[in-house]
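Step one of this worksheet: look at the structure below.
Note that the chains take the letters A, B and C in the order they are written out, and that residue 1 is the start of every chain.
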Amino acid sequence: MGDKKKWFQLDLGLNKKQPNAGTCGCGKTSGGCGSHAAEPPKTGHAISSAEFDAAVEQELTQETMVGQTRKDGFQQVFDVKMDRRSAFRKLTASLLVGAGAVHTSCSVTAGEETKEKAQLDWEEQFKGNYKLMTEEEKQATVDRLVRSYQLRKKENIKMTATDASKDVLFGYAFNISKCQGYMDCVSACVKENNQDRNSEMQYIRIHEMKDGEGFKFNEADDNYYHEVPAEGHFYMGTQCFHCDNPPCVEVCPVEATWREEDGLVVIDYDWCIGCRYCMAACPYDGRRFNWSKPEVPEEEVNKNQHYLGNRLRKKGVMEKCTFCVQRSRSGKDPACVEACPTGARIFGNLLDPDSTIRWVLENKQVFRLKEDLGTEPKFWYFMD
Amino acid sequence: METVRAFRSMVKDSLGYITHGSKTYHIWMIFLTVIMLIGMYCYSIQLDEGLSVTGMNDRVSWGLYISNFTFLVGVAAAAVMLVMPTYVLKDIDFKQAVLIGEGLAVAALVMCLAFVVADMGGPSVLWHMIPGIGVFNFPNSMLAWDVIVLNGYLFINITIPLYILFRHYQGKEAKSKIYVPGSILSVLWAVGIHLVTAFLYEGLQARPFWNNALLGPRFLASAFAAGPALIILVLAAIRKFSEFKIENKTISKIAMIVTVAAQINLIMLVSELFKEFYAPTHHSESAYYLFFGLEGKTALLPWIWTAIPLNILATVLLTFHKLRNNFKVLYFCCFILFVAIWIEKGFGLIVPGFIPGPYGKIAEYTPTWIEIWVTLGIWAMGAFVFTMLAKTSIGIELGKLRYKKKKVLESETA
Amino acid sequence: MKTFGIVCSLIMLCGLFSCKHKEGEYHSLKEKIEEESKHYADPGISSEAYIGDINTIEITEGEHTFLIPERKSQIKSFACTECHSKPLEQMQNEPGEQKAHWDIKMNHANANAMNCATCHNGNDMDNLHSLTGNTIDFNQSYQLCAQCHNNQVEDWKGGAHGKNIGGWAKPRAAFTCVNCHNPHEPQIASKWPARFNTEKVKERK
């Protein structure tokens, strides 16, 4: 895995198409390729790996001609060469079976990049559920996604697959008396998490409520546009509460959404089938659906991504707030917390007895929404 | 070997049989095909653009497709009301009706599955739901249960009639030792599919309109009214357009089932209305929206106020023996009851569940034309499937389709 | 009878498999947090890198020890005594002397409660002073705020008021009062929301 990462960071994909072609396409050596191990054997796969090997061989010949410029790269290619024979056998066999025409990468005339794209798409289409992947498989799919983006957009992104740390349980507190309704959090969230600009998808809603009337969500306005804070009103933000007993996770028929060890409720966008049962099950309006293909202008794409977080989504899948998993797992605050100009948002580790979130929970009058449903949200509200 | 050959011959014969028929038959099939093609075209648009071409949105995230799905599960389940007396209690009256009923169940299930697929955001990754290859959130997700029970029910409802027809095709009697256990299973299973589908909604604490213990029983009652009502209409059509003889007694008996179920359904409706409006809490807002509209949003009023009077009218008319035994009145009642329950259990159940949203926001739902055409296309597909199944089974039952070979082999297989 | 049977077995199956609280160990989230944090070991995540080039100093207030931004190096032309070479009364009366700080508007409490001298000491411009005349360093100006806004400062120490620098992980670094509130006009100004969602309007029309 370390090797792969090192190899990947060479990042020669833009100048030299070939060398990288096999590399991130299929997680390097046939042993380490994640999706192969995850799937039951398929004819399509045999062809894919065989072709990949063919491509590598071509590359090898090229490379010998140019001279060995990249030692470590060559070594890895060499590893592949070792099991190329078996791969060729597979290729012959599958050609005999006549299943050779499964996808465009079979075409000899297609450009190498097109082939590689098709290869990546193929493997992405038939990869397993992220939750059940091994570390290698996770890294392999991340590499494929990065490479795929590189091929499509000629831009590099950084994608991580950081796992939950032990002794971390994320929690969030929201100070109702501090929030002034500026919506800087909403704005920051949209930018950070690459949300669809056309449908103006937003994870956070800020409800403007009248003083002295209690929480009347139905009378609150969550789409105001006037100078704030408005006289006689207070503001309350909602988003995914990352319930500890999340109803959305229970209902998903394919386990495409789950609760991570650090309490984040996440979605594998590639595993989601788009049935929207989770959306119906969420009592907090925490989930969003991509009704059409989400689009973010290239220059606005946040390139620091996490597999479970803000990577670019496709149409027909669910998405939601992840407490900015790409940030929070490396010690940063979520974008909304950072953007809030009033300090109404507090985020931290619930298991750390010295954390600020713990201090808030222990010293403030906190409450949660719809506690009677037994969902145990990890999102508390409090007042000064 | 002989069996395989006979089976092949049956498939060939039925294929020949369903492609030939009267002019009316051809016009009917062409009509269905055209609608199916339009539906497919609309579905291709939906595939291309995404579900944004439908009227659904983040507020109302299930619409016409899931409404029809829910209703059709009921229709499918209703076939058992005929199976039970025929196969198990040996009530000969239903014998002819039951094959039609099971054919209807198969068609309804095919439509159910089609509606579910049409509603999916990512139909290309539906293999994630196949146990073994995909990941199945089995005991936890009611949708996973639903997929299992629907497919299981489909399997049962294909195999039992297939077995019986196959035996008849060969000119033999179907052995009750084989099909009776299957029939009993299918009876239990039918209740299962409907309860599980009800649990799909009932289990959501987020939606108070659905999170209601009466939902399951009410599903059953309305299904056992609407399903047999449809069967009566279909039998009437078959009586008219084919030589297949269906006795008045059969239809009267089914009418009895419809009546009782419709009465029970009405009682439950009253109970539900009482609970929602006698002591309304904020959980009654969905019901308010459905029946009276909320904050000036009244999209469902015409629907529900069509459904309720029709429902009451049909139930009242059916309750009087004299009226019920007049077949013209009966067909009329069955038709309006079917429409009423389709509205009540489709639109009237699914859409208000989402309105108002978790934070009281109201976004109304109106299906788009694309959605409507896809829906019509799927209904046409159901009708298409049913017509083919019914035609074949009528052909076999009437003895028009028979295995030509020598019948001496009977002794050997017996 | 049979119908009844299947219903029963279905319900029992549901009960057997999908018991919602399968974690079982804890009755509530609160209990779980308390229990699991008993054996808390630092996860080894640091947010130090995100503090960036902000100079910080460590302060200890009660049981809380954390970093706050260093202030003096951020004040233009500190030390103040570089201009304020003599006591204020003398400077104000001096003819030909340049006027400074003309743009400072006081909008903090009312004139009865506060004026410049509540915090600044005309005789020692490099430091602040408390109500009782004790010297307070510019870097610890929160002590000055604490004189009146005790609740807010208590909240701030605990973490319920104010904002983190960097992130949630250790080391804890927090902005101090004057990083967000201008001490002369501490009220945060009203403004227009950062976004307006036109799609939402369409959806609910």
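In the analysis below, a residue touches a chain if its C-beta (ideal position, glycine included) is under 8 Å from a C-beta of that chain, and two chains touch if they have at least 3 such contacts.
Worth saying up front: this structure is predicted, and the values here are computed from it rather than measured.
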### Task
Give the chain pair, either A-C or B-C, that is connected by more C-beta contacts.
A-C
### Task
Please find which chain has its CA centre nearest to the centre of all protein CA atoms in view.
A
### Message
Among the chains here, which has the CA centroid at the largest distance from chain C's centroid?
### Response
B
### Summary
CA centroids of chain A and chain B: separation to the nearest Å works out as 39
### Query
What is the distance, in whole Å, between the centres of chain B and chain C, each centre taken as the mean of its C-alpha atoms?
61
### Query
Using CA atom averages as chain centres, what separation in Å is found between chain A and chain C?
31
### Summary
Shared-interface residues of chain C (touching two or more other chains) are 18
### Task
For chain A, write out the residues touching at least two other chains, lowest number first.
199, 222, 250, 374
### Residues of chain B whose C-beta touches two or more other chains
57-58, 140, 361
### Query
Touching chain B in the complex: which residues of chain A?
39-40, 125, 128-129, 131-132, 199, 205, 207, 216-220, 222, 238, 247, 250-256, 270-277, 279-285, 288-293, 314-318, 373-375
### Query
Which bits of chain C are touching chain A when the two form their complex?
18, 20-21, 23, 28-29, 32-33, 36-37, 40-47, 49-50, 151-152, 155, 158-164, 166-169, 172, 180, 188, 190-201
#### Entry: Residues of chain A defined as touching chain C within the complex
165-169, 173, 175, 178, 180-184, 186-187, 190, 199-200, 202, 206, 222-229, 244-245, 250, 327-333, 337, 340-343, 346-360, 363-364, 374, 376, 378, 382, 384
### Message
Please output the residues of chain C touching chain B within their complex, sorted ascending.
### Response
2-3, 5-7, 10, 13-14, 16-18, 203-204
### Task
Spell out the part of chain B that touches chain C in their complex, as residue ranges.
57-59, 138-140, 184, 187-189, 191-192, 195-196, 199, 361-363
